[in-house]
Amino acid sequence: MLTAALTIVDGYLIFVVAPTDQVLGHIQRIFYIHVPISILSFLGFLVCAVAGIGYLIRRGEMWDRVAHASAEVGVVFVTLALITGVIWARPVWGVWWTWEPRLTTTLILWLIYVAYLMIRHYAPTPQQGRAWSAVVGIIGFVDVPIVYYSVQWWRSIHPVQVIGPEAADDALEPIMARILVFSLIAVLALFTYLLLERVALRGAEDAVSAIRRQGNYE
Amino acid sequence: MRLLSATLAIAWKDVRLEVRSRDTVVSALIFGLIVVVVFNFGLNRSPGSLAPVAPGLLWVAYGFVGVLAMNRAFARELEQGALDGLLAAPVSRDAVFLGKMFGTLSFMLVIEAVLLPVFAVMLDLPTLSPVLGLIILLATIGFATVGTFFAAIAAQTRSREILLPVLFFPVIVPVIIAAVEATDLVLQGGPMLAVWTRWLPLLVVFDALFLVICPWIFGYVFEG
Amino acid sequence: MSHASAGSSAISAVGLRKDYGDRSVLRGVDVAVAWGQIAVLFGANGAGKTTLLRILAGLSRPDAGESHIAGLRMRRSGGRARTLVGFVGHQTLLYSDLTCRENLAFYAKLYGVDHPQARIESVLEQVALVDRADRRVRTLSHGMQKRLSVARAILHEPAVLLLDEPESGLDTDSVASLGDLLRDWTSSGKTALLTTHSLEIGQAWADSVLTLDRGRLAVETPFGCSADAAPAKSNPSPVHG
């Protein structure tokens, strides 16, 4: 409920209250969604790695549910971040795709976590699926900062036109900044809501599995 | 002490198996050549040298060849269930990891060393230097560490051929970037500062990080 | 559950559970096998025999429960408990492109066997493979490979031998000599636990019988001295396997 209300208010703020950007026009509004989504997708992968470590140490299935759910929500958010990024890039930079460091890192992040979600289905047993996911989540998370730095250094050698959202940061009007913060809170609420729903759903699935197991022997 | 002797026993066993059957090294060499020939048709539109894209080509070829070698290295353990033999033995999982990793590393270095002069001729590479050797060594350690880890996972599934590259390549991106950039600078004979201050340290950090993490979590890969 | 009782048996396990998704393979299995015995584990296909053996060998982690070898907890003592176990699986656990001697030498190194040369010769003799010792495993018949896999498992003189359907692929003579080997083995106070579908082998070899039925241990019968007294009791299960 709270999430729905926040999201609606956020939409109102973004499309009605926020001033139209003088240079970029309406397209700039995508920025209020793009930035929070990108930030929170990273949060998703942090949660995933921490819950993965928790699973390997404590072995509770709850840890695994949280890890899996946060990776799923993270992948959805990264996908949206890439799509909004592409929509942003076309009118602003004149190309659909550019190998700009942040975009490139995000794409690689997406690839790593899609592999994370795949691995579970390839595992011969559910126990292996959980353990494999946890280790891939840990490796992926360690890898992301290295990917980011290497991509940035790589690009600093072959400079391209980089007009990232950070260029707008200095020029951000106070009202814009406030709406951005509100957006972040709204998206965080959405993130939490999706995460909890997914965890609950997986819990229910596991409960059904347990009942089936029982049923096989009655 | 036990760790070291078990690691060496496993690596030496892999080397001996490879010397006997030669199936990995030979097919990997041929595959490496094919990669260059095919890329030649894709990239070389005007008759002339491939030199400008040579570093990229070299490392793409090494990456593909590495995936092939690593898949083979673990497939061998599963043929007659020998992996169970390793895991039931009183050796730590670190030793199993390091043994497989050193085995793979040694084939890959051999394959790369044989391919390098061939590539130098085909791609018209200007110079070969000792720094290039260092780059190849560091990058290959990174490949072998991450690759052995993922090969252990992929080998236990029915679709290891597709799963290994899908897991391996995104994670290895920093190594590819660093190796390509450093190779490019070395071959151009340009300023070497970036090689020493940026790309080689990046490779060292990557190798060190994954050489710690991978053995540490390797045991969890085998929980049936 | 107490350590005292765990210490007294060669193999002991308490409350082993293993689920695979919607299926329970083991649903709380307690096992105790005394020293100096050959224990035979019967059960239909899919009853969980292999899973149980793999857990006891430390190759699989139970979802719940603990297993002990000679009183050592498999999961905690790790290395020490592993040294005490020899495992013969469905597959040979050998490298096809190494010779018999090389395979054994490799495993001797992993187990830290003292005087490996002498020990390798001795086990090769036990499984009658001395004349093939320098042939690659790939070139041996299935039965010989199976014998070599037994040699591999007893190489480090484990206290407990676990065998998963060891008779499969062996001819009558080889089965008989495997029986002799196991009896020799246990007469020195060591223990063997094997799974089998063959009632004959169960009757001929077993000091005690365990029957796994749908993830639970159903019957536990000591055969005793007379080989034909007990089978009536354990008949129902092995027959449909």
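Lettered A, B and C in written order, each chain numbered from 1.
Note that a contact is a pair of C-beta atoms (placed from the backbone, for glycine too) under 8 Å apart; a residue touches a chain by one contact, two chains touch by 3 or more.
Here the structure is a predicted model, which is why all the values come from computation and not from measurement.
Taking the mean of each chain's C-alpha atoms, the chain closest to the overall C-alpha centroid is B. Taking the mean of C-alpha positions as each chain's centre, the chain lying farthest from the centre of chain A is C. With each centre defined as the average position of its C-alpha atoms, the distance from chain A to chain C rounds to 49 Å. Averaging C-alpha coordinates per chain places the centre of chain B 38 Å away from that of chain C.
Computed from the mean C-alpha positions, the centre of chain A lies at a distance of 31 Å from the centre of chain B. Annotation for chain C: residues 61 touch two or more other chains.
Of all residues in chain B, those touching 2 or more other chains are 223-224, listed in ascending order. Residues of chain A found to touch two or more other chains are 125, 127.
If you check the complex, the residues on chain A that touch chain C are 125-127, 209, 212-213, 216-217.
Residue ranges on chain B touching chain C, taken from their complex, read 2, 5-6, 9-10, 13, 16-17, 20-21, 76, 79-82, 84-92, 223-224.
Every residue of chain A that touches chain B in the complex is listed here, in rising order: 56, 108, 111-112, 115, 118-119, 122-125, 127-128, 131-132, 134-136, 138-140, 142-143, 146-147, 149-151, 153-154, 157. Residues 54, 57-61, 78-80, 82-83, 85, 87, 89-98, 102, 106-107, 109-112, 136-137, 152 of chain C touch chain B in their complex. The touching residues of chain B, counted against chain A in their complex, run 146, 149, 153, 156-159, 163, 166-167, 169-171, 173-174, 177-178, 181, 194, 198-199, 202, 205-206, 209-210, 213-214, 217, 220-221, 223-224.
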